[in-house]
Every structure is written in structure tokens, then in C-alpha cells.
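This is the structure I want to talk about, given as C-alpha cells.
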């Protein structure tokens, strides 16, 4: 029974992973009990912070690798990043949700549910990242879907339910296909690795992937690409993404874009590594490049017709996921490095943008872009931060995204100019759309603001600004200077990705 | 390293401006003035010491991790340090007096130092990443400066077009560097120099470099953003954007084509030459039709960039045909014009700013008679107008003379394309020169001469001292650069030496005689012209005052007897341009004039309506917008499908991929 | 030393001879119109008379209005001084090649136009506008003429051109003919002669140059007139020296040759003056907007001249 | 070669059984595609689930992997009995009109289904040349069932039928999983767990849908479709 989930429980308490996985799990249960949403919000922040703190321990001491869980160069920084974004988002939601409940959009029982689900979501994310067993990986991604579905439908509005329904149906099917792919991978591994957990432990498989039945894993990869690709939001599988982002509470939009998409892509990349290790299997590159380009294109043109600020940035997420997929599809040290960097930067900046968007919506009382005007005049600090964030996501220096796009495009162009052209076109189009919208929202004569709720909301606003600024600051630093350890990890992973 | 400290200082200034808002404005601009002056001095020092001391490359631990950030100052970049920081210093000086009068000072002051920072960053960059970061940062800062008057819809439109075009330019340079760096990503300039490219890749690099830098420099047809963005910014910023930022683009082009790429085919020289010719002719023709003083100046920038491109193209063609001496000549001509244009264009923009501060108008037809009211501004603007119209003995003429000299030698490149292309280019450039004169007679004459055309103009006052100084200094410099061409040329010859590996001897005939090509090819000596001119002037004065009366009577204007006092009876900007508009405008801009005559007996005034459209806007950019719109409309329905349809899409994707696998297995 | 002397002599001569040439043109026209006509010396008397009169200046005029005549006159005179006519052995000859000469004339025109605009009268503006319009096409044409000649002679400096032509390197060239034609047309335009402009007219709507100097009087007007006369002589000298350089003396060819060259030059310009008179009597003035076609033709001829050089493999 | 592998060869009873059962499940999928009436659809689904349970049990026997009995039990009780019951209850409670209009005609649907089966066989046959014959057959059948389930979701307009399609897709997954020799329990648990939660969610949804709009026709769920202002 070494393969069963039950084996998760007897993790040694000394194991750093205990904190990382245990805290959110416990938090989920605990928060379900807390009646008062204010306490819940605070507790939420505390638990998330503790999770982040314990995740930092991983940097110093990596746990021993089991057949279920492991930490390697790839997931270590993603774990830390996830814990960090989870923490900051918790802080933001503490500032945000209060306002929502005041405006009677949320009943307190919903909030209770919300906080519990938030921790559950974090747990599934972290489990997915640390999972060594591809089955566990699948389970946690599925669980993540379920939790987010519930949170997306939090406002019981018709739109919210419709979005959640769309999200649920599409992602469940996607997940189903991913499971089929997982089974196929097992079937490919089983003759080589023998029965049992060994044939599902990624770290063991990747060493002997060369001997796997190539056609079988090729087939598996197709299912996994479509399956996990749906969660990544690759066009034409992206349909759920904009609505889910737009109709859910803003903190959820932030974690969806900042974390969930990353995790899905992470899963996909794990399997790409398997294939890359097998010489005779089909080349995943072209498929990923194709999906990436189509995502970039669909997103870039969609942006020109969006009237809803959250959908606007949801589509921009699709575009960036496309860029990453493209980069990993290109492969090679430069492109892979760029892709990994882009993952990090995007999750930081995009969640920051959603923070800003949330505050903006609360300030202006609308999410229709044409009604949002002159933010830099009406709410200067927020407005300018928003401007900086959008410029960062649009790929302007000195933010980190510029570096990754620089590496992707230049290296791609040097290798195959024709492949780079669609990406450049797409990015340029996106840029145009974003700047066009940004100018309309940030400049010009300011539009009306909703009546401000006095000092409490002022402070709430200020607290909400903290994570926003923190993310941007990190992105800025990363754009100028990357710590050597991170670089080494990226390069090591880049090698595995082939 | 001095430059580093100055750049850091500029960043701090931006912070100071951000924190203290308006209170620190004077201090900030003073700081910019100081910084720019130091950089200027440093550049001059390096130029003087060129060859005697090797400046070490500096590596800082940021940027692309395994690459780090490389900085280096060589002769070329130090030349541009001079060409860029001189106007920058003047603009800062101007801003000390002017900064408070712009629409939203708190949106300008913090960005001004950042803008300077970015432009100098481009010059000292020694690897592609730093170069592009600074390049983009430059666009970013100037974009926000353009948007500083963000409540005006025009400014916002200008900003949008500008930033998108800037990004387009970057997306041309980026792959160009990518090709130079190769798949392994050797982004250092040193490595790029050593790189060997396939012919195709080489050609691609050149093409991309031309388009990328051309879009920044305002080369037709990539100029569309320029006349929108430059005027939209506050005048001291416009001066920088027009006079300086375009030069940074030129620097980038020279860096790539002459330094990083060793061998570039003459065909590209030809292409650049033709593009330049088109820009020169069209740009000034546009300028000629404008009523807005700053737009006019912006368009004239297009013209001058065109002239520089002609010279650069010639240099390429010569170099490819082994005519190194001529190549050096054209390159010197180009750089000479770079520094000249940087000077007088920023001076003219500052003048425009002074006029706007004094009158509050930008429309030529609401100015007039300012020469009497704003003597210093008037004189400096006049000098600038003469210089940019290439009138001897000012500096503008010297560089154009050099360009013409090298152009007239171009047929030595024995290829039919050059031989038949060069005369046409010559015509275009000659037309450009003539139009420029007309354009600036119009600009100066309508704005500063005649009777005031509006109350604002009548009430104009001369601007305060710092602004006057900022305009007077370049005026003097224009004269200096004009009358000692040999000295200047010698200096520039040292700059281009590393690029063409030959030192141009600018004066075969000896000091005052600028005779770069050969003993007999032709010579020009501004010094002698000026001296003899002075001599003749003195003679004339003596004669006239000796033999004639000195009596003068002031009287109302005669005007063939029927003088009326209507100021609008004066020639207006539009009416001045009318003949040329009739001849060229109808063809190039589809200009249409409609006159509504009231029926006899009706006392209503006759109405004159003028409509002009820019074909490049209508067809090229309008076309692109149409296409994007159309596709967006086609794609948009994807948002509004039923879940079933989405499932279907998913299903089809899956089946398609499965089929791919199936086919592959067979 | 001789160079200095000849240069001085030339400087004085061009100024001295200019009114005479204008006088000759007027006389020729008068005779052709069957009038007695004034003596060719009349222009001298006119200038002298103007010098004696007080100068009336409009209130609205700025200082530029008073300075302009001097600048203009000096610019034109300087150009005329530099252009070698009877000997190439002059100090200032290398000071400016033909391009610079064109630019000098451009300077003069620039300030003339400004002066026209300065008083803020409709006519002044009209004149300035049309003058610049004519120049905008005429100047390029002249530059192209220079281009073709310089292609042929490998130089842009008039002295060397003359030397090259006289050294007999050039046979009969089609392009030289074309260049000459273009040059003549440009000269007519630049000097505001019929059919472009009529120096004698004061019918407002047809005039160009006269409209600009309308407000001038007294010594300022005298300078303007003198400048016009010198310009006319200068263009005649250019045509004479570049296309018919025979008789022009070189460096260290003795005073005899110089004297000969002097005679030849006077003969040439007188002939040209008479021809101009004839021509002006024959043709009628054209409408303002046809000028573009006229000068465009000149520009095209000049362009053709260069092209023909390649065709005939002369370079 | 483990004894189990020796068993899993052509002509051997264990192989034939597995093959037969798989084929039946596939037939059921076709039945689902073919059937118009809602109640009948539910009934066919429950039957399919039961056969699936049988397959799991058989595999448990053949591979002597006892944990597969658990899977079989889950399939039998939960999917075979509970879910159909719940669905029937829903249909009755909400009083949905009995016959369901399909988006694509039955005939074309069937042809497409056959095409999909062909595709999956083409894909699988060369793949598992090395693997055990049983695995191969199972895989082909399972993939067909998955694809047919997806096809059903596409061709039906009604929420219930879509759910059924989704669940028959899951059946295909489980068929594949049980066929995979010695696959750890993780997968079964996860599948069961996911189906469980999925059902719970559907329940919630139906409840919500009903309290908002009075039918299960998902057209009601597609009026907004994201910022159709």
C-alpha cells in the first residue's frame, strides 16, 4: 500500500514539508469553524504567513525524497513563490473582503466558507507542486479545480454561477483526459519500472524514461497536453478562464492567474521532461509551440474587444501562458530559462495587477473599462502603481518580464526567425491593446468615485496596497538582478526540460 | 567613473522631484543642468584624449545573470555624449525658467532626469540587454512626458501611437541583436563584433536595424508618431525628443551597422539613401503646410533625419566599394549634421516654448510682430532658422555642403542603381534644402514679423533670463560651428576613424579652406566668407553713409496707397504656403481648397476652407488598424459560445492531436 | 600678390559693371519697342538719386527691415566677387564653390523675403510667398546643373571647372547643352525676368520681386536695386564663364592674358544682356502657377543632363 | 513474465472475459449515444457502471489485486445504483420533458462514434505491441469509451445528459485504470473521490440552477456567456 494517499500521514514532524502542507490543511479545517469573518480573515493571513515561513525552511534543508513527495530544483522556488503569493493574497483579501461584506455582496457564512476554501486551495496547490507521484499530482490538481469552482461561484449571481458551471464542466473533462494520460504514462513505465508506486514516482521514472515505450508516452502526452493545457488556459481550451477570473472575487482571480495556471503548466512540464528524456518519443516542442502561438494570437485580438477590466487581464494571462508554453516548446537553455523566469514574473505581476484592479473596482464602483477614467488624478498612488504594473505586464523594462521576453524572442529569432514572428506580432498587438486601455483608465479627466467609507476603508485600502507594492518591488528587483541560486536552479531545470 | 555617478545622481533627482513635488523643481532642473554639463565635459575630454588613453569597460552585477551589465565609452559614444548632453544642458537651463509654466509640472519634473538618464544609458551600454533596457526606458519616460498634459485627447492619442511605434522599433532591434548574438546568446557587443553571420542573417540584421532605429528617428514612413508626440510634450522636452532622442536612434544605427556589423552590402546603403531622400523631401513638405509651430518643427526633424540617413547610406555604399576616404567623408558629414541639428532644433523648440509662454498660442496665425516684443527670442530664433535653412556662414550649411560633396562623388560607386539613383536623391535633397528655406522664412516671418495677429501676440513680453540664456548660447554655438568647419571636421574625423579605419584629412588646401576630397574637387571656407563679407559690409556702410543721407522718417505703411489697418489682411501662414500647396500639396496630401463666396449683395464674409490628409496615415496606418479591427471582430465571438461549443473545440483539438500521433506512428 | 590685386579689381568691377548691364538690357528693350530709351548709364543716376533721398520706414517694421538691404547687397556682391569671370587667379576663389555660391544667393533671398514680410502688408507677403515659391524649384534646378557639371569636371569649384573645360577634355556633350538650357531658365527665374516676373511692372497682382521691395525707399531701395543688378551680372558671368570660358586667364598667365580675359568677359556679358533684351521683348509673362512647370522643366533638363552623362559614358 | 502475464494471452479465458466485458461497456456507450429518452439514458448508464464493476472484479481476480474489489464495489454501489437513483429523482422532481433534443442527429453521431473507435484502435494497436495483450485491448476499449463520452457531452443539449456523458467518460477512465496491471490504489481512490465530489457539485448546481431558473436545460446557463452587455 505504499502507493496510497494514506502514506502521506506518517510524515515525520521534522520534515519541513509537514509545515508547508500541514498548516494549510489544518487551516482549512480550522477556518471552517470560525464564525466571525473578521477573525477568520486575520487567521487566514496568519496561517498563510506561517506556511510561507515554513516554506522558506526548504531553501536551507531539502527533505528526503519519498515516492510520494519530493523537492527538487524545479518545484522548490515554485513552492516558495506559491506560499508567498498565497500569503500576500491572504493579506489583500483581508483588506478586500471586508469592503465586500460591507457592501452586502457577501453574507458572512459565505465568507466563512470562502476562507476555509482559500486554505484548502493553497493546500492542493502546494501538494501538487511537491508531489512526486503523478497520481498525487493529478489528485491535487483536480482538488484545486473543485475548490476554485466553489470560490468562483461565491457571489451567487447568475453570471457567477454560469462562469462556475463553464469552468467546472470544461476543467473536469480536461482533468479526465489528464487522468487518462497519467494512466498511459503508468502503462509505459510499468514494463520498465515494474508494478507499483515506482512506476508512478516521477523522480525515478525520469532516470529511466529512455527505456519507456515511446509511442505510448507520445500518446500519453497528447492527452496530458489537452488535459492540463485546459487548466493552463491554452487557446482553444481557454474558454473557462476569462469568465472564472471575471466573476469570482478578485483575490481568487489573483490566485487563479498567479498560482493555478502556473501549477497546471508545472504539471505539463514534468511530463515534458519525461518525454524529453526519451529519445524516440514524439517531439513535444511543435505541439506546445502551436498551442502557445494560438493562445497568444487569440488573446491579443480578444483584448481589443474587452469592456470588462478583469476579463481584460484574464486574457492577458492567456497570452502570457502562451508565451511560456511557446518558450518551453522552443526549448534550449535560453528559452527554458526565459520560460521559468516568465512563470515567476507573471505570477507576481499579474496577481499584483488583480490586487490593483480589485482596489480600483472598489474605488470606482464599476468594472466597465469605459467608466474608469483618470485614475492617476483621482487616486494618485493606486493609479500610478496600476500604471507601473500594467507597463510591467506589457513587457517594458526595468521589470522582469522584459528580460524573459527579451531572451525568448532574441534566442528564438536566432534559431528560427519564422517562429519568432508570430510571437512578436502577438506581443505587439497585446501591447497596443493594453496601452490603449491603460491610457483610457489612468489618464484623462477623472471619473466619479463611490462614496468613501471613512477611515476604516482608508486603512483597508492602505493594507491592500502593501502586497501590491511588494510584488512590484520584487518584479523590479528581478528585472535588474537575479540571485545566483535561482539562476542555478533555472539552468538545471532548463537542462532537464531539454 | 564619472558617468556612472552622474547617472546615479539623475536617478536620485527623479526621487527628489517625486518627493518634494513642485517645491524642488528649480533644484531638480539645476541638478539636471549640472549633470548634463558634467557628462558634456566628460564627453569632450574623451574626444580630446581620444587615442591617448583607453577607457576601460565597466561590468556591473545586474542584467542577464550569466552576462552581467557591460558599459563602455568609446570615441563614438563620447561624441554622442557631447551631441546629446549639450542640448540637454540647455533644455535644463531653459526649464529652470520654464518648468513652472507647463500644464502639469508635477508630472514632468520627475521624469525629465529619468529621460536624460535613459538616453545616456543607451550611449554607454556595451551589451544588447543594457542597450535595449535603456532604449525602452527612454521610450517609457518620454511617453509619460508626452502624456504629462493628459487631459487633452490629442496628447493621449499621440502617446498611444508613440509608445506602440516605439515598441515596434524595439521589436525590430531585439531580433536584430538576437541574430547578432546567435542561439547561444552572446549579447556582449564585443562578442557580436566577432560574430560571423550567414548572408541572409546579415541582411536581416541590417534591415531590422534600419527599420528599428528609423522608427525612432522618424524615418518616412515610420514617422507618423513623431509630429504627434514631439509637439504634445512640454517644449523643453520636445527639444530633447526632437533634437536629442532622434540622435540616440542614429547612434544605435551607426553602432550596429558600422561597429557591430563589419560588412554591409552597398545595396543597403542605397536603400538608406533613398529612404533618407524620401524623408527629407516629404518631411519638409509636411512642415511647410503646418500652422502649428511645434508640429512644423517636428516635421522639419523628419527632414533632417532624412539628410543624415542619406549621408549614412552613402558612407555604407562607399565603404562596400572600398572608397574608405569618401566613406569617412560621408560619415563625418552625417555626424556633423547630427550635432548641428541637435543644436538648432533644440534651440528652435526652446524658442517655440518661449513664444508659447509669452503668448500662450502655438498657431502661427495668432502670432506676429514678436521680434519687436521679444528681441532675444526673436534673434535666436532667426539664427536657428538661418542655420536650419543651411545659409552660410552658419553651421547648417557646412554639413549640408559636406553631404552634397559626398553625394556628388557617389557615382564613383560604379553600379547603375547608384548612378541613376544618386541624381534623383540629389534632386530630392536639393528640393528639401530649398523647401526648408521657404518653410522657415514662413515660420519666422509669420510668427515674428509683420503686425501682431492676436491680442496675445500684442501683449507678449520677453521671457526671463535663464530661458534667454538657454536660447542665446546655442545661437552663438551655431555661428562658431559654422565658421570653423575645418577644426570641427578634424575632430569628427578622429571619431569615425575606428569605424572606417582611415583618418579623413578635411583641409587639403590648409587651414581655413575646407576641402575634404581632393585639391581640385571643391572647397569652402566659412572663415574667409565671413571675413570678406564683413569687409564688404564695412565698405558698403562707409560708402552709403558717406555719399548718401542718413535721414530716416517713420511713417504709416504705404502698401501701394491702399493700406488698411486690418491685421488679418496680412499674409497668413496658409496663404504663404499656398503656391507650393497648389503645386505639391494637391498631389501629396490631397489638399483641397474650398472658397464659399456669398451671393452678390449678401454681406456675409467669404469663407475659405482647407482640407489636407496625410496619405501615409490614411493608407498605411489606417490599413493596419482596419485589419486588426476586422480580425478582432472575427475572433471576438469566441467569447460568446455555449459550453457545448467549447467542449467541441476541446474535442476537435484532442482528435486533431491524436490524428497527428496516429499519422506519425504509421 | 597678383591674386589679391586681381581679386580686388574684380570686386570693384562687378559692382561697377552691374548697372551698365542692366542699362544695356533696358536700352535694347526700348529700342525693340521702338522707343528712344534712356542711356545705358541711367541706372547709375537712379542709384545715386536714391542714395540722396531720405528713407521712409513703416511704423510696423522691425529693425530687420533696415538691416536686410545691407545683408542682401553684401551677400550678392560677395557671391559676385567669388565667381571668377576674367581670371581664376583670385584670393577668394576657393572660399566658396558653386554650391556655396547658390547658398549665398539663397541667403540674400531669405532676407529679401523676410523684409517683404516685415511690414505686414498684403503685397509684401504676396511677394515673399511667390519669391520663395519660385526659388523652391529654381534652386534645386541650379544645384542639379552644378551636379551634372561637377560630374563632368570632377569638381564643384568654378575655377577648376573653367580650367577643366579649357584644357579641352570635353568634346561637344549633349548634357552640357541641356545643362546650359536649364541654367538659362534658372537665371531668368532667379533674376525675376520675363516670363517669370517683370521688373518693370507695378501691376500688383503679377509682380513678385517688386512686391517685396515695395515699402523700401531711399538708400535702402538703392541697395536693393543694386543687389538686383549685381545678381543679374553674376548670373550672366556664371553662364559666360562656365559654358563659354574662352579667354579666361589662369594663375601665372601674365597681365596680357588677364586683360584679354577682361575684354572677353565684358564682350560676353554685353552680348548676353542684348540677348536678354531681345528675349524679353519676344515672350509674354506667364501666370504664376505655370512657373512651376517652367522651372520643373529646368529641373528635369538638369536631371537629364546628368543621366546623359552616363549614357554617353562621359564618366 | 509474471504468472498474471502468462494468463493474459490470446485464447485464454481471462483474456476473453476481459475483452467481452470491455466490449459490452463500449456497446453501452453507443447505447447512450443512441438513446433519446432521458430515463432510458440513465438506465443504460447504470447498466454500464455495473458492467464496469464486473470488469474491475474480474481484473481483481486475474491480477489477484484485492484492492480492485474496492473499486468494483464503488462502481457498483455508487455509480450503478446511487447516481442513477439521484438522477431519476432529479428528473422527476424537476419534471423535465422526457425526450431530449440532440444537437446532432443520431445517425451522424453514430458514424462519428464508429470513427472514434477506429481511431483509438489505430492508435493503440502499434503502441502496445510490447505490452500484454489484455492491456492493449483494454486500452483500445477504454479510449473509445472516453472519446464517446466526450462525444455525448457535445451532442446533447440537456444538463443531465451532459452529466451522464461526463460520467461515462469517467467509466472509460476507470476501465483503463483497472486494466493497467498493478497500478497503485491512488488512482482508484482519486477517481472515486473526484466522481464523488463531482456529483456533490452537480447536486449543488442543480439545486442552484433550480432555485434560479426552473429547468435543467443548460441554455438557461448560457444567456450571459461573459460580458454580453
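Order of writing sets the chain letters: A, B, C and D. Residues in each chain are counted from 1.
Criterion: a contact is a pair of C-beta atoms (placed from the backbone, for glycine too) under 8 Å apart; a residue touches a chain by one contact, two chains touch by 3 or more.
Keep in mind that this is a model prediction, so the values were computed, not measured.
Enquirer: Ignoring subunit D, what connected groups of chains are left?
Expert: Minus subunit D, contact groups: still one piece.
Enquirer: Once you find the CA centre of subunit B and the CA centre of subunit C, what distance in Å lies between them?
Expert: 35
Enquirer: For subunit A and subunit C, let me know how many angstrom lie between their CA-based centres, rounded off.
Expert: That pair's centroid distance is 78 Å.
Enquirer: Could you please state the distance in Å, as a whole number, between where the Cα atoms of subunit A are centred and where those of subunit B are centred?
Expert: 44
Enquirer: Using mean C-alpha positions as chain centres, tell me how far subunit C is from subunit D in Å, no decimals.
Expert: 100
Enquirer: Mark out which residues of subunit B touch at least two other chains, giving numbers and ranges.
Expert: If we look for residues of subunit B contacting two or more partner chains, we find 639, 641, 643, 647, 650, 654, 658, 661, 665.
Enquirer: Out of subunit A, which residues touch more than one other chain, so two or more?
Expert: 165, 169, 173, 177, 215, 219, 242
Enquirer: Quick check on subunit D: which residues sit in contact with 2+ other chains?
Expert: Within subunit D, residues 123, 126-127, 150, 153, 162, 218, 221-222, 225-227 contact more than one other chain.
Enquirer: Each pair of chains that touch: what are they?
Expert: Between chains, contact exists in these pairs: A-B, A-D, B-C, B-D.
Enquirer: If we count contacts the way the header does, which residues on subunit D are in touch with subunit A in the complex?
Expert: 123-124, 126-128, 130-131, 135, 139, 142-143, 146, 150, 153, 162, 166, 169-170, 172-173, 176-177, 180-187, 189-191, 193-194, 197-198, 201, 205, 208-209, 212, 218, 221-227, 229
Enquirer: Provide the residue numbers of subunit B that touch subunit A in the complex, in ascending order.
Expert: Checking each residue of subunit B against subunit A gives 61-66, 128-129, 132-133, 136-137, 140, 147, 150-151, 153, 156, 159-160, 163-164, 167-168, 171, 174-175, 177-179, 181-185, 187, 204, 628-629, 631-633, 635-636, 638-639, 641, 643, 646-647, 649-650, 653-654, 657-658, 660-661, 664-665.
Enquirer: Spell out the part of subunit B that touches subunit C in their complex, as residue ranges.
Expert: Residue positions touching the partner: 368-369, 371-372, 378, 382, 386, 389-392, 397, 401, 404-405, 408, 411, 416, 419-420, 423-424, 426-427, 430-431, 433-435, 437-438, 441-442, 444-446, 448-451, 509, 513, 515, 520-525, 528-529, 532-533, 536-537, 540-541, 544, 547-549, 551-560, 563, 567, 569-571, 575-580, 582-583.
Enquirer: State the interface residues of subunit A toward subunit B in the complex, per the touch definition above.
Expert: Per the touch definition, subunit A meets subunit B at residues 165-166, 169-170, 173-174, 177, 215, 218-219, 222-223, 225-226, 230, 236-237, 239-240, 242, 282, 287, 297-298, 301-302, 304-305, 332-334, 374, 376, 391, 396-398, 402-403, 406-407, 409-415, 417, 420, 424, 427-429, 431-432, 435-436, 439-440, 443-445, 480-482, 484, 487.
Enquirer: Spell out the residues on subunit A that touch subunit D in their complex, using ranges where they run on.
Expert: Per the touch definition, subunit A meets subunit D at residues 1-5, 133, 135-136, 138-139, 142-143, 146, 149-150, 153, 156, 158-159, 161-163, 165, 168-169, 172-173, 175-177, 179-180, 182-184, 186-187, 190-191, 194-197, 199-200, 213, 215-216, 219, 242-243, 246, 306-308, 311, 368.
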